[in-house]
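See the structures that follow.
Shared between the two complexes below is chain A, which pairs with chain B and chain C, respectively.
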Partner chain A sequence: MLKKIQIALLLALLILVCCGEPPATNGGKPAKVYRHAMDGAPGSLDPAQAASLYANFIVVTLDDTLYRYKYLARPYQLQPNLAAAMPEISADGLQVTIRIREDVYFMDDPAFANGKGREVKAQDFVYSIMRHFDPETRAQGAWLWQNRIEGLDRWKEQGSDYDSEVTGLRALDDHSVQITLTKPFPQLIHTLTQGYAAIVPREAVEAYGQMLSNHPVGSGPFRLASRDSARAVLTRNPDFRQQPFDLADEGYDPASQANLGLQVLQDRSPPFVDRLEFEFITEDAARWNAFTAGEVHFIKVPVSQFDNVLSQRNPVTLSPGFDGMYHFEASPESGFVYTNFNMDDERLGIHPDPEQNIRNRALRCAMVKAFDWDKRNEIFFYDIGRVFPGAIIPSVPEFDPAGDASYIQRDLKGARELLQANGWDEETLPTLEYGFPNSVTERQIFEQFRNFMMDAGYPSAKIRPMIFATYGDYQRAYSQGKVTLINSSWTMDYPDAENLMQLYYGPNSAPGSNSANYKNPEYDRLYDISAAMAESPERTENYRKMNQMLIDDCVSINGISRTLLFLWDRNAIMKPDRSFLGGYFLRFVDLAEPANTTP
Partner chain B sequence: MNRRYITRRVLYGIPLILGVTFVSFLLMVYFGPDKTYELLGKNPTTEQISEVRRALGYDRAFLLRYGDYLRELVTLDLGLSDSSGEPVSVILKRTLPVSIALVLPGFILGNLMGLALGLLAAWYRGKWLDKLVMSASVVGMSVSFLVIIIGLQILLCTPYGLNLFPVRGWQVHDLGSYLYYVTVPTLALVLVTLGYNTRFYRAVMVEEIERDHIRTAQAYGASPRELLFRHVLKNSLIPVLTRIMFSVPFVVISGSLLLESYFGIPGIGLVTFNAITSGDQPILKAVVGLTGVLFVLALTVNDMLYSLVDPRVAKP
Partner chain C sequence: MTGTTWQRLKSDPLGVGGLCVVVLFALVALCVWSGLLGQGWSEVSGERWENASSDHWFGTNLLGQDILQRTLFGTATAFEVGLIVTACSTILGTLMGALAGWYSHSWLDELVLWLKGVLDSIPFYLFAAAVAFALQGNPWAMHLAMIVTFWTTTARIIRGEVMRIKEREFIEAARAIGLPGLVTVFRHVLPNTFHILLVQGSIVFVAAINTEVILSFLGLGIQDGVSWGLMLAESSQEVLAGHFGNFAAAGGSLFLLLMGFNLLADALQDALDTRRAIR
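What follows is the complex of A and B.
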């Protein structure tokens, strides 16, 4: 009897292990399938709604933008994508003319006559940008071009009629676009690299309406085969234009990139794989298990695995167990984490009484002094984040290495003295609300913050947590001025310091991105002047002055740029990137050998 | 079966559905997440905020919105997801079968094994076998679901263990692939539910075993098998049925969020969790409404089964 049971169990096990998915093929050959783990899932795949990193990753592989960044060049450099060349810009910086390539077609789709994809034209670009100003689209990218392109805001006020023309956004012919700006906007080309600016055909928008978000029609190297809450599968677009890859053109640096195996891409035309599979794995443990089991080729290493993966932190070095098994990169994020003071809150912000105003500033500065960046970095960022004073992050050229380091050094004695000198004590200190969306980590960050303040004599009961169910609810609360201490982060939209300085620009106050509601006429004046300037020593000087204003006014406890760790399979030929909503590198991913025999 | 009894049970269900949907809708509207700020771009103007609120229907009167909600539930035209723009009915159609296929084997096995172990423990109550089963149940109940999932993944799905099954995925196209993807989640589900089921069923059986009619049957010389299956199990079917029936809506609608998210299975649980965290009200409304309807249905079917198992229940 026992023997029969054993045999039955063995048979059952055999059946189970023989089960599984047959390997994918491409005309009899094993298909090249690249699997990418993402730590979140995208919402809509309509370019007009591609607000998240996750959506942008997929959108820029399905659709085309006029420009992109060179795949391998660091610092980032702009490169034409659908544009035939870099733009022609008039001497006053107000007129931008862009030529568009003539060999580009949308992928075949039933939305087109006969189901055959037609040529991408200048009118499609104009239409795609106009969609952001049509309330029906529920677009999220209008802020990039709002009040910047002549007539575009007026077009919206007049009812968003696509048959009426926008004076500042015109197709001169099928392959030329002319943009007329209301004031110089050197960042315009950067905005045209983003998923928001991806080009969609009007036929598809009219055919699918809101469902375009799940039925994308673009001209990119891949097309969407399927998508659900756990994964998205993209297959090669067989009609994608021939555009041979040129290492030198993409900014290849043999000294630092020779080990990535990218040389095999030279002169070949992307896409190089048959299928891209995005696995949306929010749980760190599951993502890590999937990676170590070889089910995905790439992972952004969860912080919980840093100890396991790294042998040392400075410089960041991979453990011997992983070295040689995987490619590895430690990449500074293009953004930062900070805690803003709500300057509209008279308890610690700007007060109509000048004396109280001085006391409030002292309170903010004392809190800045009480904050321990070393501990924050050690506990939550594995001590590999980069702490810096103000809002200019170390990865932009405007960063001043000789900046005011005292702003990020803990000075408890100074904090206590400042409080005492300005008449703040346990009785008079105001009760403050510290907001965060509900999560264990956010709660831990809050407790650490409160502890720092307690060290300087702030009563524990006077720093209260305000917890919100979702980030959206939290954002609503601080946009309505209901939160005093706003813990948040910012990821740059493009590699230009203007995108950082606008975070404290008065007109961008809540509900805008200036959640501190900082309003300093001198700061705003310098911003207005500098935002219209291209990168230059003069602009750098202005930005550094503005940064010093933020420090002098103690507007925010800032900041830290996190370091992201990437690991990827040795068979995957690529240089991953997660900056500026990223994702373009997936066009150029290749696999050394078909690696899809296990599902 | 008494037709009047059934009609009465069905009619009782209507106010129950209205009550459940009204309360849940009220909570969602006034205390649920607000999607507005998730859909806004950076630096929004007050006008843009109003536009999004209007597009989401947040500016409409509560009763009008509730009326629309009921109409959507009746017609099963549940609108479009605020996040992905996909019709909610399509999402449900795609995800419900996945969740059922995922949870059903574990649900059935967990209950059958719980019943068997419960019967065994009850029969040998106070003896070492009973103590062993109960102790094992307590251990099973004490281990976190998450630990079980991660442990099984490492043990069965990675090179650190046997590496026999996938860590995640659901590319099911035939029985073989189904077994390939469902085995580890099923094991996890059985391990986590078995302790609870066994303890519950044991308590029910012990109560039944101590009744007079069992002693009478014993006096008449009934064999242990006859006693357990014909007298004990049959007469304790009412609490057993209640437990199983009331679990059905969870199995159908909620799926198992942890299983789905850790094993990357695109079922209704994962969709619901994402809808909660992102404030996707059309999906939340559909899931809450359908769960309410399913509960009422389960209640009605449960009452009908009672009357089958014990005809005295249906007597007026």
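What follows is the complex of A and C.
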């Protein structure tokens, strides 16, 4: 009997060994496996639906875009990726011609004839952009090119037939694309760096349909091996093009980046690791524990750990326990947090009665004065966020360091006087709804806001929470103008201040990105003029004037740019990014000690 | 409750202990409702994460709000939810159970049993989430979800009891003198189920408080205000950073009150059970 049990156990062991995941190897050497912790999971991996930061992160490692940002250069600089060079732009700025590299192939996939990946052609780019205007794709990136490219919106209206041509989006030959714009759009090339603009083969879309979201086929350095709600595993694309890494070309700065060990990448062709593993861990505590236990190489430090991790906030300095153990970066976000007033709400926004209109403006301005940015920064951003007046964030060149600082200084006395002078008291003040998606932090932010207002004499019962189950529900509600006080944030899509100013552009009112529903003809006029301009002193002046209009009209309580803290394993050779470069940096990740990288 | 029952309850030290705890929390809730306690639950009165002190007995939370004030207000929230849900679900369950029991094996009985079967087959928290979603932003969504699901147990118990009582001689007598059915039910049958309702009510009360805490923790509960569930949800972010004020205050209060209610319910059941008393 005992012998039978032993045999059974041996057989079970044999089955386990045979059926388990094969050991990661690379030609006999231990495989290099880089593990990346993310605080959320992607929905779809179809570039047309890559709306979230998480999806975008993975999409750009699986697929290619025509352009990207230089890996190491800050401020960000554009760089050709699948494009052979920077675009040729006509003198009137309306015609953009882009040459595409000739050595790029899609990864092998059964969707192709004989399963062999074919060359990436100009027609693939045209097709990939057209998909955004095909209702069947359920794409989310069309807004980037809406009313910008000649004939593209009309193509959609006429039924999205891929066999009919779009006049403003044409493949001149297999390796040339010509885009004709309806009006100058200097930000076009920035839009072509995004996951939305990643190139997919028509064969794969037709073969997999909606399942493309789980079966991506691109030309990137990695291919998807597996994915579920907790993790995604990407393996090296063995046929990825040879494209030697050049430090100088990527904007390497020896003064600030020498300690990252990036020099070993010089002249080698990415990808440098055999496998990328993404761990989707939404719980801060679990993600932090995974990092400190060495289960993942990288983490965006949860705010609740800032006290542990930092010994000093200004300048941001690591605690002795962490210093030397990890690489570290404090990175200002490319966006900001704000609380918009819904200007369409007559209780505090624009009112048909001019007198009431003046009183409403006074109410908004009093609320701005009552808001305590120092406290907000201290409690929720550990005093390392940067507070600024208006909508132009400090990291863009248009930012005015000499801007109206009084807008972000708390003035309780001024707030009370303003209310009193305009006939607002506990009786007459309107009951307002403050919207937020359901989460502990959002509720705390609301309670703090209500406290600020209470300090200025606003009755607690007159500022009510309006809670939504998900951020999507909340966004839908405020996009439809159903929320009066809108606490939200904006992350720039590309490093151009136009992407900030459009947040208050009248035609972008609900359901567009102008959630404040601000409509100022002068602001809109300046926006129309400036949006077609490249960065210049004249444009800067216009944007600053527009920013001052936002301040004068008290449209929003804004704003603060958060500082993100990144920690990563000293064996991981990389410079992480969560901004415009996004997941592109994962193409260039390497590990110093492969022997220690397998589980 | 008869004098004998009270005597039996008094002789149970655990029951008396439970009663004292419940009365103490009930007094706190009364004081909060009357504006004597816990009114500063939303005010920022200190600095972030202050330790326990004479100013803040349980310390402060992330915003600098006094945890004691929030705990006291949370007691009122718990009692408010407990009372409303218990009252509504007991009344509903009693009515449905009485009708089903009195007209047993009729279409009405079948309908009540079918409704009960349907509601019992839905996972509770899924149901609560669906109701919360459907009534987005409505402060009564949580109460409604609980009432709609909690009445079924009461109805099942009352139905059985009514079916038993309606076979008794005094009901036969009522029928014989021509008393209408519903009058008989409300005047002669239901008063004889009071002891069951008392025990069942205390069980529902505990379940409602417990559920409120869980739903609030999940973000499906209290909209404006504070509850122990919200405090526990806050503590999930604070414990990692080494701050236990919210966790200890809300968790400890919840434990004490539920323990008190459970001891009281057990003691009540024993005191009201005449067979046990005879033994």
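Basically, the second predicted complex is superposed on the first by the 570 of 599 C-alpha atoms of A that agree within 3 Å, B and C clash if a C-alpha of one lies under 4 Å from a C-alpha of the other, contacts with A are read in each partner's own complex, and residues count from 1 in each chain.
Heads up, the rule we're going with is that a contact is a pair of C-beta atoms (placed from the backbone, for glycine too) under 8 Å apart; a residue touches a chain by one contact, two chains touch by 3 or more.
Worth saying up front: this structure is predicted, and the values here are computed from it rather than measured.
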Partner chain in contact with A:A285 - chain B first, chain C second, else both or neither: both
Touching partner for A:Q448 - first (chain B), second (chain C), both, neither: second
Partner chain(s) touched by A:G457 [first = chain B, second = chain C, both, neither]: neither
Partner chain(s) touched by A:P511 [first = chain B, second = chain C, both, neither]: first
Partner chain(s) touched by A:S213 [first = chain B, second = chain C, both, neither]: first
Partner with the higher number of touched chain A residues, chain C or chain B: B
Touched partner set for A:E295, first chain B, second chain C, both or neither: first
First (chain B), second (chain C), both or neither touched by A:G251: neither
Partner chain(s) touched by A:N308 [first = chain B, second = chain C, both, neither]: second
Touched partner set for A:P394, first chain B, second chain C, both or neither: neither
Residues of chain A at both interfaces, chain B in one complex, chain C in the other: 285, 469, 473
For the chain C and chain A complex, residues of the former touching the latter: 42-44, 48, 62-63, 65, 132-133, 136-137, 219-220, 223-224, 230, 233-234, 236-238, 240-241
Residues of chain A that touch chain C when the two form their complex: 284-285, 288, 302, 304-305, 307-308, 378-379, 438-441, 443-444, 447-448, 450-451, 454, 460, 464-469, 473
Residue numbers on chain A that touch chain B, as the complex places them: 15-21, 41, 43-46, 49, 51, 135, 138-144, 146, 210-214, 228-231, 279-283, 285-286, 289-290, 292-295, 469-473, 475-476, 479, 493, 502, 508, 511-513, 598-599
In the complex, chain B residues that touch chain A: 33-46, 48-49, 51-52, 55, 80, 83-87, 94-95, 150, 153-154, 157-160, 163-171, 173, 175-180, 183, 260-266, 270-271, 274, 276-279
